[in-house]
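In this document, chain identifiers A, B, C, D, E and F correspond to the written order of the chains, with residue numbering beginning at 1 in each.
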Amino acid sequence: MVNLEDLKKETKKILEEERVKYIIGYKRGSNGLMPVPAFIKNPEDVEKLIWDPACVYNLSRFLVDEKRRKAKEKKPDERAVGLIVKGCDSRALNVLLQEKFINRDDVYIIGVSCENTGIVDEKKLAKKLKGKKILKIEYSEKDNFVTTTEDGKTEISAQGILAERCLECRAGFPVIYDVFLGEKAKRKLDNPCKSLENIENLSGEERWAFWKEQFDKCIRCYACRSICPMCYCEECVVDTINYAVATDTTAEEKAQRIKWIEKSPVASENIVYHLVRAIHLAGRCIDCGECERVCPLDIPIRLLNKKLEKEARELFGYEAGLDPDQVSLISSFKDEDPDDFII
Amino acid sequence: MIHFGKLKQKKGKIHINKDRCKGCAFCVEYCPKDVLELSEEFNIKGYHPPRIKNEDECLYCQLCETICPEFAIFVTLKKEEEEVEKGES
Amino acid sequence: MRINLSKRKIKDIFVTKIEEISGQNLLACYQCGKCSAGCPAIYEMDILPNQIIRFAQLGLKDELLQSKSIWICASCLTCNARCPKGINIAEVIEAIRQILLRKREDHLKINKLSDAEKENVPPIAIISSMRKFTS
Amino acid sequence: MKISYYPGCTLKNNAENFEDSTLCSLKYLGVEVEELPKWNCCGTVFSLSTDDLIHHVASIRNLIRVKESNSDKVMTLCAMCYNTLKRANERVKSDPESLDKINKFMYLEKVDYEGDIKVLHLLELLKDEIKFENVAKKVKNPIKNLKIASYYGCLLVRPREIGLDDIENPTILENFMVALGAVPIDFPYKTECCGSYQTVDKPEIVADRTYHILTSAQEQGAEVVIVSCPLCAFNLDHRQKETVKKHPDFKNIPILYFTQIMAIALGCPEESLRFDLHFIDPKPILNDKGLV
Amino acid sequence: MAEEFEPKIVAFLCKWCSSAGSDLAGVTRMEYPSNVVPITVMCSGSVSPLYIFSAFNKGADGVLVSGCHPGDCHYIKGNFYTRRRITMVKKLLEYIGLEPQRFQMSWVSAAEGTKYTQIIKDFVKELKPLGPQTKLRRNP
Amino acid sequence: MKRTGVFICRCGINIAGTVDVEKVAKELYKHTGVVHSEDYIYMCSDPGQNLIVEAIKEKKLDSVIIACCSPTLHETTFRNAAKSAGLNPFQCEIANIREQCSWVHKDMEKATEKSIKITRSAVERVRRNESLEPISIPVTRKALVIGGGISGIQSALDLANSGFEVILVERSPSIGGHMIQLSETFPTLDCSQCILTPKMVEASKHPKINLMTYSEVQEISGYVGNFKVKILKKPTYVDPDKCTLCDECTRVCPVVVPNEFDIGLTGRRAIYIPFPQSIPATYTLDIKACPGLLPIACGKCEDVCEPNAIDFDMKPEIIEEEVGTIIAATGYDLYEKELMSEYGYGKYPDVLDGLQFERLCSASGPTMGKILRPSDHKEPKEVVFVQCVGSRDPELHCAYCSKICCMYTAKHAMLFKHHVHDGQAYIFYIDIRSGGKGYEEFVQRAVEEDGVLYLRGKVSKIFGDKGKLKVWGVDTLSGKDIEIDADMVVLAMATRPSKGAEELAKKLKIAIDKDGFLSEAHPKLRPVESVTSGMFLAGAAQAPKDIPEAVAQASGAAAKAITILSQERLYHAPTVAMVNVNLCTGCEMCVHVCPYDALSLKDGKVEVNEVLCEGCGTCSATCLRAAIQIKNLTPLQVHEMIKACLGG
C-alpha cells in the first residue's frame, strides 16, 4: 500500500533539500471528490498532497508546458521538476525520454503504484452511487475500493468502476522512478485488449458505421491533442494552414503550407485528423486514456490507439514506454517482420 | 591431430611429492592449462596436496615445478622420465 | 533400338502421374548419381536409382514399369538424405510402384510363405511388405 | 515421472525381450509407464505417396488415444513405430488440409486431432528428460569390457527432420553405452539398411546385408551388436541362419536390444531379458564378461 | 446504360525497383488499365502515412505503395521501415472500416514488369465492384 | 508565380500513337502557371532541344516539364539543354508518358487523360522546385585495401604504381593468402610460391604501400572520397626490428598447436613464423595458444631471446586513417569439411581437402614434396579425388558452382601421377567445367597422358576399411556402382566467403548475396563496384575465382579506385534532406532510420550531412512533424502532385 505519509515525507525531503524547483502531484479540489493537480513549492504545503483512486490525471503532460516555459525564461531555474507518476504516466515519461524531449535530469520521479487495482472512472462511479455524494475513496486490501458517503463506508468491487484502461493494464506500477512507493504486482490478464473485441468482431461495414457515428460527433476542439503528453509538436501537421497564419505571414508562406485536411468538422476531415493522430501515436501511446476522458463528445479515441498498440505488440513485439533506450517502433525493424499482406 | 613434422606435443609426467606440500595452491592457481586441483585428502602435515585433474591438457611447461616453494611438484619429460624411473627402481 | 523421343513421350501422363504421387520435380535431377552410389540394395537392381529418374525424364514408361529395381528398394531413404537437389528418390520409386499396385497387381505372394516362416517373421515385416507390395 | 507408452504389434509378439527389458529398466529408473488403452497398428511404414492419406489414419488414431489419456507426448520403443507415428504427425502438422480430411474420416472419434502430440523415442526420453548421467548413477552392474557396436538402421535417423541424431554419424547409442560403462565400437555400417521388409519375400537380400553389417562390426572388434528396432533385430539375428548358408566365412554374433544392456546394467532380473527369444544366444559372451 | 465505374488509383512507386519495373512493363508493351497514375518517389521508405490518407481524402478510390523486395532496397533498408509503417496504416484503415482492397502494398523489382502489370489489373478488377470511395473523401 | 513551359514529345508514333498530344498541350496550357505549351515529334533530337532552349529564352521560362519517355533515359539530356539556356538543371523535370502510359494503354481517350494528369502533376512539382547546385566533396587521395592475398596485393601494387598511397591490411601475420599455400598452379604448373613471393616482397618494400599485417579493420565511417577507418593492430609480442629470426624461441616453447599454413598437417609453436617466406619476416606470439603472457606463467621464449625482441607488454593499437576509397579483397575459405559427415573427414586422417593436398605436393610442405599418407607416412598408390563436395548442393550445402575445383582437381591428379609414377588417380565428377585459356587441354592431358580415370558420378560414402578407405561411388556413364579401396581421398571442398567477411561487409555497408559473397553493383555492367560508392571488390570475396580472374578483377578494382583518387573533388546530387529547425524536436527517429548515418543531433536539432545523404527520404516519412524533407520532393510537392493525379 502506498502510505500517504511516506509520500509526504519523501516530497518534503526533496523540497527541503532543494533538489527540485517544485513538485507536481494531486490535491483535493473544491468541486467534490475529483482531485486537481497540485504544484507544491514549499515544504509545508506537502500536507495538501493526496493519493487515492480518483487521481486520474497524467501529470507528465505538465513537463511539456514546463519545457516551453523554461525555453522562454532568460535565467531558467535548472533544477528538476518533481513529478508523481502512476504506472502508465511513468511509461509516458519513458517515451518523452526516448524521444529526447526531456532529459532524465529534468525530472525527479516519485512513482506510486496503483495497488494492483487502478483508477476509477468518474462516470462509472457516479452511476454506481446513483447521485449520492461521495466524500472519500480509498484502496482496500483486496483489490477493491472503500468509498465513504453520507451513509458511511462501503467496500465496492473495483472491477465495476475502474477506468477501462486500468482493466487492461498489465503493470500498475511505475517502470522508471527515483523513489517508489507501494508494491510491484504484475497482473495476469486473460485478454489485455478486451475492449477492442466488440469492434474487431464486427464486419467491415459495421465497423465503418460505428466509427462514422463517432467521428461525425467530433467538433475538432482538439482537447485530445491538448491533453496528450505525446502531442508536444510545435505545430501539428494537420493544422499547419491555420496555426501558422499570423499577421506577419506572407502570401508566399501561406502558399507553402499544406492543406492536409480542412478545418471544418465534417466526417471526412475528422476521420483524417483522427487517423493521423492515431498513426502518429503508434508505438508511442502508453494508454493513459486521457484523450478519451477529456473528449466532450465521448468519442472512444482510446480504442483507436489501443488497436495500434495491440498490433505493434503482436506483430512486432513492441511495447511503448518500457525502456527509454529502445528505438521507436517505426524507426526500427526486424528482418522477420510480417509481410503476408504485401503482394 | 598433427601428422607430419618434427613438432610433436611433449610427453612427460607430473610427479607430486604429497608429503612435502604445504597446500599453498600456487601450482593450482598458476597452471596455465588448469591441470591441477587441490585434493580432499590430507598429507602427513595436514595439508591438502594437489592432484592431477586432466593430464591430457598438460603442456609439460614445468611452471608448477618452478613456482612450488617446497619443491613438492616436478615434471619429467619423456626421455628423462625413463631415466628417472630406472633410477628409482 | 533407337528410342524415338517426342514431346508426347517425355510429357506422357505416366510421368505427370509419378510427379503427382511423389510430389517431386523430376527435372531437378542433374544425374550426379549420389543416390545410386549410396544405395544398399544396388547390386540387386537392374536400373540404378538415378537411371530411374533419367528414364522418367525420357518418358520410358515400359522400361520403368518392368524394372526389378522398384521392388528391391527398401525405402531406407539413404538416397533422399544425400541428394544434393533435395529430390526424394524413394518417393519417386514409391510412385512407380503405386502406379502398378493401383492396377490391383500384387507383387508379393503371401500364400507362398510357409506357416513356420510366418510364425517366425515379426508382424511388422509382414505388414510392411504387404503395404509396399500389395494393392 | 509418468509417460504414455505406445508398444506396437511386434513388441507383443516377437520382441518381448525388448519390451520386458525396457519396462523393467524404467521401473528401476522410477519412470511410470502407462500403456495406451486401445492402441492399434501404427501403420507400419509411412506412406510416401502425397495423395495417400488413408494410411495415416491409423497413426493419427493412436495420437488421438494419447490425447484421450490426457498426455501431450507418447513414448515408443520400436524404431518403425517411432518413425511412422512421428512422420504422420509432422505431415498433418504441416498440412492442415490433410489433417482436416483425416479428422473428417474419423468422425466417430470424440476428439479431433490438432497435431499437438509429441512423439518420442525411448532414447530421446533417456537423453533429454531422464538424462544419461542420472541413468549412470543408478548403474549397479557396469557393462565392463563388453565391446558393443551400435546399429541404428534407417528409421531412427532418416529422414533428417525425423531423426533423433546426426543423420550420417549418430552417436546417441554410443553415448548411452558409455553411460552404462560399456566400450562402444564405431563401425561404418551403423546406418546402412538391413533390408527391412524385404526379409519376407527376398531373404537373400537381407542375408547379404546382414553379412556386410555384422562383418564390419566384427572387424572393428565388436562382441555384440545392439539395435532399437525389432525388424533390424530379426534381420540381423534370425537371418544369420541364411547368412551362414550364403557366406560360409560368416561368424555368428549376438544381437541385443539396447534396453537389454540397460536392464543388465541396472541389475534387472534375468527373466526380463528373455534370452530365449534370441537366435544367437548372447548368454555365453555375457557370462564370459561376468554380466549375467 | 450507365458508364462503367473507373476507379482512380494513385500509386507510389520507388524509383529504383517499382518504377523501373513499370518502365519495363512499358518497354515490353504489356497492357494494363489506365486507372493508375504513378508518383515516383526515391524510396518506398519516403511514403508517409499522410500521403496515403491524403490521397484517399482527395478522392482516390485505391492507393498502391510499391517498393523493392526486402533485402533489395537501393538504400539498403528503407523498405523494411516501409513494411512496418504500412502494416500499421493498413491495420488502422481496416479497423475503421475502409475496404481492405482499397489499400495495397507490393514488392515489385525492376525485372518484374509482368508482376506490376498483373497487380494493376487485379487492383482495378477488385476496386470496380466496390464503387467510388466516399468514406475518407472530402466533399467537393 | 513561376513561369513554366511544357514540352510534349510525340516520340514518332510511340507516344502520339495512343496519346492525343495536341490535346495534352492544350489542356496543360490552361493549367495555372503554364505560360508555354507545345508538342514536337522528337524532343530529344537537336531541333527538339533547340525548341526548349528558344522557348526558355523567349518566354523567360524559369521551369520546364518535358513529357516524354522515362527519366532514366533523357533526364540528363533535357537538364543539360535547360542549363544551356541558362536555367538551373533542377528546374527541369520529366513527366513519363511513354513507358508508364502510351506503351501500356490502347484506349486513346483514357491514355490522353492519364497523360494530362501525369504532366500536371509534374508541373505542380516543378513549380516548387528549388534551384540547386551539386554538392562537391574533396577527395583523400589514399586507398585502403582489405586482404593481403593475391587480389589485395595486386590491387595495392596497381594503386601504388599509379602514385597513390595505399594501406594494405591483412588479418593474419603474413600476406600471401591462399595462393602462397599452393604447390603449383594450373594450367602451366608454375610454382605458386615462386611467382607470388616477388610480388609479396614488392608490396612490402613499395614506398607507397603501408603494409599492416596482423591487423583488422574495426570501424569505417565517412563516405566516398573521405572514409575514416579504424584499424586494430593486434600485438605480435615480438619486435620485428629486433628479431633476428634465430628460432631459439620456438625451440623452448612448450605448446604445439595445428599449423594453419599446413591446414593442421603439421604443428607449430605458440610463438611462430607462419612459413619461411613470410612477409613481414618475423615471429608472432599466438596469444590464444600461449600459456600466458606473464613471465611467471611461462616466459620461456622471453628468457632465451638474446636480442630481447619479445615484449610481453605490447598492447593492441588502434590506428586511425583517412582514405578516399576502399577495396575489399577478403578472399575465400574452404567449406567446413566437418559438415560432410558421410565422407568421414576428421574421422579418417587420409581423407584430405584440396589445400591439404596442395601442402603435401609442395616442395616446401610438410613432406618436402613427397606425397605420403598422414596416417602411416606411406606413399599412396590409389588416390580418389571427389569433386563438387558441398558445391552445387542447394539442398544441404552451397547451391553454387565453386568454379575452381574442376581445374585444381585435374591438377592434383596430374601432380599425384608426377610424384607417384605407379599410382592411379580417380576423379569423381558431375560435369567438367574447363572454360579458360588452356584449361580444356589441361584436363585432356590429365586423362590422356597421366591416365587419370574420370568417373562420372558423385561419391556417396567414404569409410575406413582394413587400412584403406572404401569409396562408394557410381559411374553413371556405364550405369555401374563403383567401389574403390583407396589409399587416400582428396575432397574438392566448396569455396566459401572467408570467415568474418559478413561482419566486415556490415561495417563497410556492402551488401552480401545469399551465399555470403560480397555483392557487386550490377552483375553485368558494374562487376567490381559495390553498391556503396567508393568501395570496390576484388578476387574471391565477390565469387569463386581462379588466380588469373582474381588478378584481373583486382586490377579492375584498382583502376576503378583510381577514377576516384585521380580527381580533386567529387560531385553528388543535391536532392538531399533538409531540416526545418523550427519544427524539429530532436526525437532522433530519423537518425535511427537513416541508412547512411547522414543525420545527427546538434543542439537538440537534427543536422544533415549533405555529403552522406543519398536523398532516399525515409527520414521524411518517419518524422511526425514533417520537420525533415527531401529537397525538390517535399511533402508539399507530393501533396500537390496527389491532387493533380486525382484530377482536382
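Heads up, the rule we're going with is that contacts are C-beta pairs under 8 Å (C-beta built on N, C-alpha and C of every residue); 3 or more make two chains touch, one makes a residue touch a chain.
In this text the structure is predicted, and so the values were computed from the model without any measurement.
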item: Graph distance between chain C and chain E, where chains that touch are linked; value: 2
item: Number of hops, chain B to chain E, where each hop joins two touching chains; value: 2
item: Chain pair showing more contacts of the two, C-F and C-D; value: C-D
item: Most remote chain, CA-based centroid, reference being chain B; value: E
item: Most distant chain from chain C, judged by the mean position of its C-alpha atoms; value: A
item: Chain at the geometric heart of the assembly (C-alpha centres); value: F
item: Centre distance in Å when chain A and chain F are each reduced to the mean of their C-alpha atoms; value: 50
item: Mean-CA-position distance for chain E and chain D (Å); value: 58
item: Centre distance in Å when chain A and chain D are each reduced to the mean of their C-alpha atoms; value: 62
item: Distance between the centres, which are taken as Cα means, of chain D and chain B, whole angstrom; value: 47
item: Junction residues of chain D, two or more chains touched; value: 167-168
item: Contacts with 2+ other chains: residues of chain A; value: 237, 260, 330-332
item: Where chain E touches two or more other chains at once, by residue number; value: 49-50, 54, 77, 81, 85
item: Complete list of chain pairs which touch one another; value: A-E, A-F, B-F, C-D, C-F, D-F, E-F
item: Sites on chain F touched by chain C in the complex; value: 342, 388, 392-397, 430, 456-461, 472-476, 479, 481-482
item: Chain A partner contacts - residues on chain E that touch it in the complex; value: 49-50, 53-54, 56-57, 70, 77, 80-81, 83-100, 104-107, 119, 135-139
item: Interfacial residue positions of chain A with respect to chain E in the complex; value: 199-200, 204-212, 237, 260-262, 266, 268-269, 271-272, 275-276, 278-279, 282, 304, 307-308, 311-312, 315-316, 329-333, 335, 337-339, 341-343
item: Residues of chain A touching chain F in the complex; value: 99-101, 232-235, 237, 256-260, 280, 327-328, 330-332
item: Residue ranges of chain D in contact with chain C within the complex; value: 8-10, 13-15, 41, 43-45, 47-52, 55, 78, 80, 153-154, 158-160, 167-168, 191-193, 195-202, 205, 208-209, 230-231, 234, 238
